[in-house]
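Dumping the structure here so I can ask a few things about it.
Chain naming follows the written order as A, B, C and D, and within any one chain the residues start at number 1.
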């Protein structure tokens, strides 16, 4: 029975433990509950992946009503992969959360913090598995609201402004998506995504659908932080509480990207999105601009958190570019990189959080010599950083390899060269950190710094080891991604 | 008229009047909804737009001040372009939209007919909106309760639970004329008369949602409004004595869990999540009980959340 | 045609107005007001979709044959709730901004942020020269 | 043991040795571990010979993350030659390094030997890499592992040198080499080293030209101008490291990469047919001449040797680009010969430094009498580098000239000869100063007091051995030639398929 109910269970585990968490006064107990719930949902996510492995699709009817009347939950390999992404990386971050919160927040607030965290996770899970367009909007809002609250909890007062800006941008984006959904509904009379996909092609010339597509693209681009709508991201990531950044960087934009892929390929259809609306003409230049601008800006940052945030802008550019290139390698790269980058960035931000935990700042000058004072944390950081650069045998290499192959498959040599150059830029900003960490003297006030407690160190190292693992065994990442890419593209041809 | 109100809101720099106009605007909207046959929505819009959000705005303005500076000249260009682009896109799209009110529009052809034709048999309540809301798309509504709950947790995380107490008599935040207000005894008397019926009305709306417009959400909002009114007139402290924030803070979670509980129960009974057919032996009864309980969950959560948020704002204003 | 589309056009104008306020206004609370206008406009759009001429509210009763479409109503009920939740959270953040900056004017905040930034950098140059 | 196991062992042994080192606090046990590891490694490498000689070519696939893109090891003669040179010289370098590091009381000796071991593991990986991507991984590993060695002294100079080192090597390898690899993959769908090449039929002459140029420049370790700057910059490193860089692993890895790509990715016939090597050939020819001239101007002994290396490396590249049997064999031999010769010279330079703390050539007057073994060895090494019989270097130069003649590159022959003359001009005067100039008066007293003598025995023995090796290589030149022959006999069947 459990196996058939899994799609609901994976969501409910986190969604239901959130209110219970909020009621527990004692932060430690709340944490234990949260841990229990998220690790169970990790198990559920893997169980789902094993059910859909090979390309089957699960359909679960909420309330027992068949679609399109009721709301359908659909799990295929792509959503299962994203589920693992959310639950696994979220669980790792939560594991480190208790220790890292201890220094920044009064204990009775912890439970609320965990509850918000769980809500955000639950919402992202909800978005991932739903098969109903309007339901996407509902869960998108839960995730957004919890994200705003989480960001606003940052220590710097600029966190508040960052959160507010994100709230405004995010709400506009969400409302745009709502308009897009309304337009689709207007023309087709249905909200079920699979049903929409069937009914939309005959309306491809309808101006309403075209407008719907435009609204959707702008709205989701805001959420994905596609250049030039990335404006909210660097500040939000920089000023958010340190562990929160790790979680957000891993999940929020990735799930938005997932929604983008779902709608572009599955709902609107490749034919419409690319042949008719020429989405690639728009996305390719924008993503390239994002890659270059993000990498360039990252190089010149002296605050590591901000540096990593800008690097995220660039890395998201890679993923969008992968989508826009519209061939199997490109899409494989986008999906793989979605997973890999989530893992590496979460790990990097978590490692950085560990450093801030000890040093109290993420400025390069304070991190000087940290390779000597916190050798284990820094070593993990270097591995993850290598992944970001795309060093072979790390996960980052796999996704970049596919992306460059995609560019070469198209015969676009300059683009491939550009990607290599941007990798060099990534190398430059990671090298900058490594240089500070290992080859600069430890500032006097940080002489007594030592490695963080095991409870933070373990998740950091799990991220680092996973980065290597997924650089070697790619059945679950690139393997799945390739099948997904073929499936998504074959709908058109 | 809507447009006129909206434009005035843009032009005015006095936030107070902007907020008041906002309330008026919401009322107008709810009239339009009424005309468009969306009674439930009209009801909600009136309670939320004209009621709850106005109160929130007032509470916030009491804290942050009432006037805004004019926009710098150079800063209007980008927004203007963006607006016009959006408008143009919408305008472009509007030419292919089905004509307003036409019965053969696709929306009326595909999914909706089943709701209208079969829901009395399949679900029960004559109010189709309730059937769709609570049963067909009960999962959405579950998410919606989640949104409300998230807002609650978020506000709590940011502003605190509103449990700080001090010896000083607290005054209502939204009402900036509280001194003069308190002198108006007549108002108190009247409001005493009003509050009780409002509470009763809220309960009525809660249970009557099956048949007429209404349901847990509207009831929750109305219930909260009654408390707001009480707090505005008597001050926040008596209100908090009536409904202690510490206890109230549990209720949103309880409501959400109640809702989910029904879903989980139906899962345990062998159905899917939120499949009320399995709640009782007879599917028809099951649907009935299921909707009743989840509406109660919605009502509890919404009312508790609104009051909690209100408390949180109030605490900050001093 | 004018009659058939008039409703939509009103909605469009409202949307534009709301969006303009959101983006152009300096006052954070006013931005949220704009957001509300914008969202309400979208609500009207949805509800307009559900209207059937000559229909009545979708509450099944004897004597009525034509009902308006209930689905948009349901969606908008949800959306209104989402809207008020966003408003509440937005205002909460605005209040916190006010407490931290003593203003809710965007330009003023930007100026204060620039000072913060300068302070951060200044500290870093000082330590750079000493180390 | 089977070949795959042996190849895997060549990777594991240095790594394990390196890790074991870090747990030793006692300097003596640590040094013994280093030595034992090096010796065992050398024996294992020798153990691979029978398999290769009998024509086995079993590959070992470590992992295959992307279809057609495995991490695999495969032994073939060129790689085995390189592995033998690297592992054999590692033993000597270790002996020498122990003496040098102790003699100079260097700090962080454990880290030093650890990184050294990792570098050797990387070199083994390069030698046995079964495809481009594996090669690339180990190539980068080598760069990263040698970086702490270059900056070992930890002062500002060392860091600056280290930055140039890392900067150029990383930039070229990611910017050009990786790009070329990706391009190759997209053209052919594989990056496996295949006898006869994989590009034939998949790339037009123009693309082949661009690709080969990318590969050659991308292999920054081959130090083609204008990407040679890192080599002189890395001179800040301790002498054993210089030996590692110049003779044992790094630059050899570079030219070996070029050679391997030429033979197994392009295929020499393909290069010869398309003329893809033209650009690189002339850049290399220019480099070998120019570097020799620059070397003449350097007074710092190690700097002169560094430029000498730049020039000598280009011989290998030239040989590879000639794309005929004599050229390739000459190039492969040059790797071994130059390694042996250059390591001798560096050992000598280090020995002089340990004994007298002198680094400039102009200070060496008269030292030959005080340090006869060192200077004799220096002489032997020099002659081998120049390419005169009876030293090993004669063979490689001879084959390179033959190759040029086969390719009818008469100008090239001229340049090669000119460069040899220049080699004489910058190497032999050093020896001359040592033996035929009198000691400067102000130092004489100090020398006669007996404070200056030969370097420690640990330093002198290795350099004598390598000097002897130079002679030995001359005698065994024929054996090496025989051993390398299969590279072409295997290649031939693949060639006519076109």
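A few points about this structure:
Assume contacts are C-beta pairs under 8 Å (C-beta built on N, C-alpha and C of every residue); 3 or more make two chains touch, one makes a residue touch a chain.
Because the structure is a prediction, the values reported are computed rather than measured.
Chain pairs A-B and B-C differ in how many C-beta pairs are in contact, and the one with more is B-C.
Of all chains, the one whose mean C-alpha position sits at the greatest distance from that of subunit A is D.
Averaging Cα coordinates per chain and for the whole protein, the chain whose average falls nearest the overall one is A. We define each chain's centre as the mean of its Cα atoms; on that basis subunit A and subunit B are separated by 31 Å. The centroid of the Cα atoms in subunit B and the matching centroid in subunit C are 15 Å apart. Subunit C and subunit D, compared by their mean Cα positions, are separated by 67 Å. Centre to centre, using the average C-alpha position, subunit B and subunit D are separated by 76 Å.
Counting partners per residue, subunit C has 19, 22, 28, 49, 71-72, 75, 78, 82, 85-86, 89, 93-94, 96 as the residues that reach two or more other chains. Among the residues of subunit D, none is found touching two or more other chains. In subunit B, the positions touching at least two other chains are 90, 95, 97, 105, 107-108, 111-112, 115, 137, 140, 143-144, 147, 150-151, 154-155, 158. In summary, the structure contains touching chain pairs A-B, A-C, A-D, B-C. Contacts from subunit A toward subunit C in the complex involve residues 134, 137-138, 141, 145, 148-149, 152, 156-158, 160-161, 163-164, 167-168, 171-172, 175, 178-179, 182, 185-186, 191, 302-303, 363, 365, 368, 440-441, 443.
By the touch rule above, subunit A contacts subunit B in their complex via residues 1, 5, 8, 12, 15-16, 18-20, 22-23, 60-65, 68-71, 109, 112-113, 115-116, 119, 122-123, 126, 132, 134-135, 138-139, 141-142, 145-146, 148-149, 152-153, 183, 185-191, 199, 206-208, 210-212, 214-215. Of all residues in subunit D, those touching subunit A in their complex are 63, 65-66, 69, 71, 133, 136-137, 140, 151, 159, 166, 170-171, 174-175, 178-179, 182-183, 185-186. Subunit A makes touch with subunit D in their complex at residues 391-393, 398, 401-402, 404-405, 408-409, 413, 416-417, 420-421, 423-424, 427, 431, 439, 471-474, 478.
The touching residues of subunit B, when paired with subunit C in their complex, are 2-3, 6-7, 9-10, 15, 18-19, 22, 25-26, 29, 32-33, 36-41, 44-45, 48-49, 52-53, 56-57, 59-61, 63-65, 68-72, 75-76, 78-80, 82-84, 86-87, 90-91, 94-95, 97, 99-103, 105, 107-108, 111-112, 115-116, 119-120, 126-129, 131-133, 137, 140-141, 143-144, 147-148, 150-151, 154-155, 158-159, 211-213, 217, 302, 309, 312-313, 316.
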